[in-house]
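See the structures that follow.
Both of the next two complexes hold chain A, though its partner changes from chain B to chain C.
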Partner chain A sequence: MNPTNPMDPTNPMDPAPALARVPARVRAADADRAAVPAMLAGAALLALLPAVLSPGLLNAANQMLIAVLFASAFNVLAGQSGMLAFGHAAYFGIGAFATIHAMNALGGEGLLPTPLLPVFGLLAGGALGVAAGWFSTQRTGVYFSMITLALAELIHALAPHLKEVFGGEAGVSSMRMPAWGLDFGSSLQVYYLTLAWVSACLALLFFFTRTPVGRLALGLRENGHRLKFLGYNVHALRLLVFVVSSAFAGVAGGLQAMANESANYVLFDVRLSSEVVLNAYIGGVGVFFGPALGAALMTLFGYFVSDLTRSWLLYQGILFVLIMMYLPTGLSGLLPWWRAHSRHQPAGRLARLAALSLLAGALLLAGTVLSVELLQRVFAQDYQAQLAAGQAWPAVAFLGRDWLPGAPSTWLLPLALLAAGSLAARAAARRWQEAGDAAPAAGDGGPTP
Partner chain B sequence: MEYLAISVLNGLIYGLLLFMVSAGLTLIFGMMGVLNFTHASFYMLGAYLAYTLQPLTGFWLAIVVSPLLVGFLGVLVERVFLRRVHRYGHAHELLLTFGLSFIIAEVVKLFYGNFPVDYRVPEQLGFAAFHIFGTQYPFYRVLMGLVSLAMFGALYLLLTRTRVGIVVRSAIYRPGMAQALGHNVPLVFMGVFGVGAALAGLAGAIAGAFYTTNPNMALELGVVVFVVVVVGGLGSLPGAMAASILIGLTSSLAVGVDASLADLFGLFGARAWAEEAGGLLTLKISSLSATLPFALMLLVLALSPSGLMGEKE
Partner chain C sequence: MSQPILTLTGLRKSFGPVEIIRGVDLQVLEGERHAVIGPNGAGKSTLFHLVSGQFPPSAGQIHLGQTRIDELDAHRINRLGLARSFQITNIFPRLSVFENLRLGTMQRFGLQYNFWRPVRRARDVAEQTETLLEQVRLARHRDTPAGELSYSEQRALEIGITLASDPRVLLLDEPMAGMSREETEYTVGLLRELTCGRTLMIVEHDMEVVFSLSDRISVVVYGQVIATGTPEEVRANPAVQEAYLGSGSAML
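Entry: the complex of A and B
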């Protein structure tokens, strides 16, 4: 990780000169072209996955697929069109409720059998998107973000009171009915259903970026005013993009409802809206598959780490802030950056630099985890309850060792790890910069001003 | 009448509290163009720090020291984090503050647990200020209102009557020009960020004792404060005051209104139809009070795009 990372930022709200970004766009197209075979390989891999996974892990994989679709739908707005929406849970939630009501009303029979029901998520998300989008896309920048946030909060505050539609505290539940000779009783069949829907939707969204409208959306991000002068109806374009995004977010919600066989108004919570923002930007919004990558990694991260520690949300937040500060193009920006460097650097030097960076990362990670986990244990309620006045604090167990909170050595170790990690990170950053300076072309036009 | 008077009083005090938090936010927005998600976190930190300091220093010193600490933290956030990503644009800064607010909430949970802490008004302040319609009106509420009014007065005088205020206002409206004239605009940014954070911390230290102090208070208040700032007009202090009072009063008054849209239809003889239709039409206004600020914001933005008193778009 390099503070002077010479990558172009994706910078939705700043109408910077479009010329300065040409390399970024070329690179993005490059990465997208490489993404098609990667996508096919990924789909094949995901189709084979159930052979090796336990049912519990299969459910996690299912959640991952849904999060991937949600983040990709969000990115149509945030990454491709430069409109940072803060209330996408509304469309996800409405899609979930539409699907669950359709499951109850149709019983999975007739023209629309069970596997096709998420189409109601698409319709409901799209319909809400038309109404909300018409209003919010009249404005840009911070106002757009705030209007989307307010609309989502409006629905969130209203939903518990509309018991007929959203079922109050208990929510609405349903059953997956058999169709097409399948009973949808096992998590395996649900997984394949989700996989089919998510692959189809991702293909459609990818195709959308290749259509003239999709290309115009990029124009919206770069410079909406210029697009207006060119004679395009910018509001209609924004609205169209908004509806596409919300409709596919609705599909993701519908798939969630199918998987859980229930929906609750908690779906409208701001937590879900912020999760999709975190996921998308951790993965990187500049590339089509960036948000999908972020969502997949963070879902798996949540699945595995939330079993290990109560502070996993803290780690997620720290990761997000680090990425925002040092890797503005997200995790998906690492590959092109590495490629640019490897083109101009001798392999041995590059390997040494990478090793130093990894060492710094490992030291910082160890220091952070150690301090957070120790603090969490010391400040836990049950631990604090057993303290007696005047007596030394008893030891806490972590990693099979007893740590005395009163002993300085307990706290010196994480501090030393953090200090050594920062020193190594600083050294690594300086060397990366020297490497970049030695070969100015390495960073596609040098550091950002 | 009794209900109305007390609701108006409570609404005013709640509005004044909202102003204490939104004052800093609106100044920071006006100046840096950044909608700062950490601002409500500073409010929460003010409450938690005052709660922690109270046993050691006593109540009064705690509500003085805790805002200072929070203000220092605000300076750090601006200097260490925001300034670094400034070149990537406003969206990036907004996302960074969003991530930081996430971290602050989790750190608070780490130290204090995911439940409300027992931070309450000290005994000696628990008396009634006056009697109104036979009920006692707590002095502490009046104190909150007075602090907020004093803050408004001081900020207003500082911004309009002093040399520092002139520099700050010029940095708000034309940062580039102010810098070209030789003023240290980054320093002004850092100062305003710190003062704004300290004011939010003060609001938290005072209000946390009266309302509850829990790890969700930042999120709960934060969204309403955003609404206040947008309704008032981004960057406008009097606008923030007007919007705060407006939202405080509507939220407080709506809680007691039992009417629904069906009653409105009743005026035109369509009550039966409306009650049959149900849904939104039969919802009582009282249960909608949480949604009113957002509805108000959408209404204001539709009628007056830059808010009540905003000049910037």
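Entry: the complex of A and C
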């Protein structure tokens, strides 16, 4: 009857299956009690961070904060309202360009000095959100996702041609002008500027979930059809939620522009759109801070692992697939799951189970990394160029050792690690299952083996 | 004689070549409890869908009071004071029972676009929701996700959500289906109490409920109203006995 009925369990865009595993009672209570102290503690911790970080790491932390805000803004749609938007780079990008143009036009003086300029990101993201949201929110589910994707791609395709606005290949650059007695020349000052904005925005977004529209967003996610018969203009509500999400995505873009003192149309690339989806789902869209957690971890993951290996995107992909398969509530789903188990299990047994799981994880990780890195080196172009017909393949170096691609022992080690890891994982899964069966209430909460 | 509050005139609805509602004229009077009965597939639920704005009719008109509503969106019809429940339970499964009812209550206090005030501050909404929670006897399940309630509790919640927008006209689509005897009795009492000062239009298969609760009854058969009248009149109507119940009209 209704092709987009959110009650329909076959609706492929419905994030419900992932959320359904944690009882709502646990979710709501945990989020309520933990959120405010966690927020304050997190802000305090982040404020102290510059004392221990090098300037390079401080820049990474700045990027992390921006990603955290972006993912949280995205989650207003995806997690809270059940609307999976696929083109959020558009609002991030437009926020960045609006801010960079404001930096150039206002020069950090007058009523809107430098620290307040990301407000243009908010306005531009919100304005584009009104226009794009008006169309996309007329539909739900897959159709909504496709429209958001198409509109974002439209902007991505259009941007390079509008040279006056988006600066063509070179982009648009600017300078952070001094204001309020600060010169915004050091990464330290930029970091605190970002931290202030991100904290304020997260507090506002959290507050939003407690307002009538924030509650109605949950109603949209659960059953938008029913809301119509309770007197709500569902299209207007969806649009409102869309604009909130896109406006705060615009702030994230504005902060990025402030940090980089430039903006380029590459910001509109679909990669940014998909990154925010991945970050949010890795962290878990079911709780307020899930996407923030995912974005923080994945930014740090990218920062450190991309220095170590060229295959870091592959690892990121593997991580996402594994989390979606075995932990569909995301990393933040681990906490209620662990709590449910710890309520019913003796601590010793739980510790042994956790140790076994960690061992399995470590073995699988070692096996995967070893195979990926060896294969990547063997298939690299410069290595392939050294090969001569009829001669044995020369050794590749990894972890300070030489590995001969022709020798079986080279491949036996990663295979053995993977096999041992699989066995350990299987044993761990079985034991978690038994533990869950012994305490039925604990069983429906967590990762499936 | 009270005024008609809901007037259906020459109402028709086709889905492709199939005509489900084949010319319905019906008046529901202000303040009455009006039951719609008829065999399965007669078009009773479709009639509710048309009145509540789920689908537009193919032909004919619907008036709520003096206002023509057959071209309005569902949410506008609700704001004019007409709320409906659903035959298939239609709730917010992963939200708490309290939250389910509160979503219905907020609209009537004009909070539908409010994003600058915590909903907890709205005392009137909270009080109204708690009252409703007591009335539908779900107070002990206040914080339970609605999807975890038993079937009959979900039916009670369905009625509660429908009442939450404080409608003048209430359309209930088989509210008692799947309830035990005791639950049905309680719900009938509840409906008597809560429909005071309101108009009730109800589709129900439980004849005991229909005949004890209703002021008037309309019988729908094959997309048409074949009789309307008081329970006694309907019971005595030969066309009803023939068409709806066959010759052995023991149920009436």
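The rule is short, and it goes like this: the second predicted complex is superposed on the first by the 414 of 449 C-alpha atoms of A that agree within 3 Å, B and C clash if a C-alpha of one lies under 4 Å from a C-alpha of the other, contacts with A are read in each partner's own complex, and residues count from 1 in each chain.
Here is the rule we use: contacts are C-beta pairs under 8 Å (C-beta built on N, C-alpha and C of every residue); 3 or more make two chains touch, one makes a residue touch a chain.
This one's a predicted model, so the numbers in the text were calculated from it and none came from an experiment.
Overlay on chain A: chain B and chain C fit together in the combined arrangement.
Annotation: apex chain A, arms to chain B and chain C, angle 80° (C-alpha centres, rounded to a multiple of 10).
With both structures placed on the common chain, the touch criterion links A:V234 to chain C but leaves chain B unconnected.
When both complexes are overlaid on chain A, the residue A:F379 reaches chain B alone and has no touch with chain C. Of the two partner chains placed by superposition, A:M39 touches none, neither chain B nor chain C. Comparing chain C and chain B on the residues of chain A they touch gives the larger count to B. In the superposed model, A:Y143 lies in contact with chain B only, and not with chain C. In the superposition on chain A, A:L77 makes contact with neither chain B nor chain C. In the superposition on chain A, A:A96 makes contact with neither chain B nor chain C. Of the two partner chains, chain B is the only one that A:L151 touches; chain C does not reach it.
Using the contact criterion defined above for the overlaid structures, shared-chain residue A:T211 touches chain C, although it does not reach chain B. When the two complexes are laid on top of each other via chain A, the two nearest Cα atoms from chain B and chain C are 13 angstrom apart. Residues 16 of chain A touch chain B in one complex and chain C in the other. For chain B in complex with chain A, the residues that touch the partner chain are 29, 33, 35, 81, 84-85, 87-92, 94-96, 98-100, 102-103, 106-107, 110-113, 219, 223, 226-227, 230, 234, 278-280, 283, 287-288, 290-291, 294-295, 297-298, 301-302, 305, 313. Against chain A, the residues of chain C that register as touching in their complex are 52-54, 73-75, 78-79, 83-84, 86, 90-96, 99, 102-104, 106-108, 111-120, 122, 143-145, 147-148, 161-162, 164-165. Chain A makes touch with chain C in their complex at residues 7, 16, 19-20, 23-25, 28, 207-208, 210-216, 218-219, 222-223, 225-234, 236-237, 240, 244. By the touch criterion given at the top, residues 3, 9, 11-14, 16, 82, 84, 135, 139, 141-143, 145-147, 149-151, 153-154, 157-158, 161-162, 164-165, 270, 274, 277-278, 281, 311, 313-314, 316-318, 320-321, 324-325, 328, 372, 375-376, 379-381, 448-449 of chain A touch chain B in their complex.
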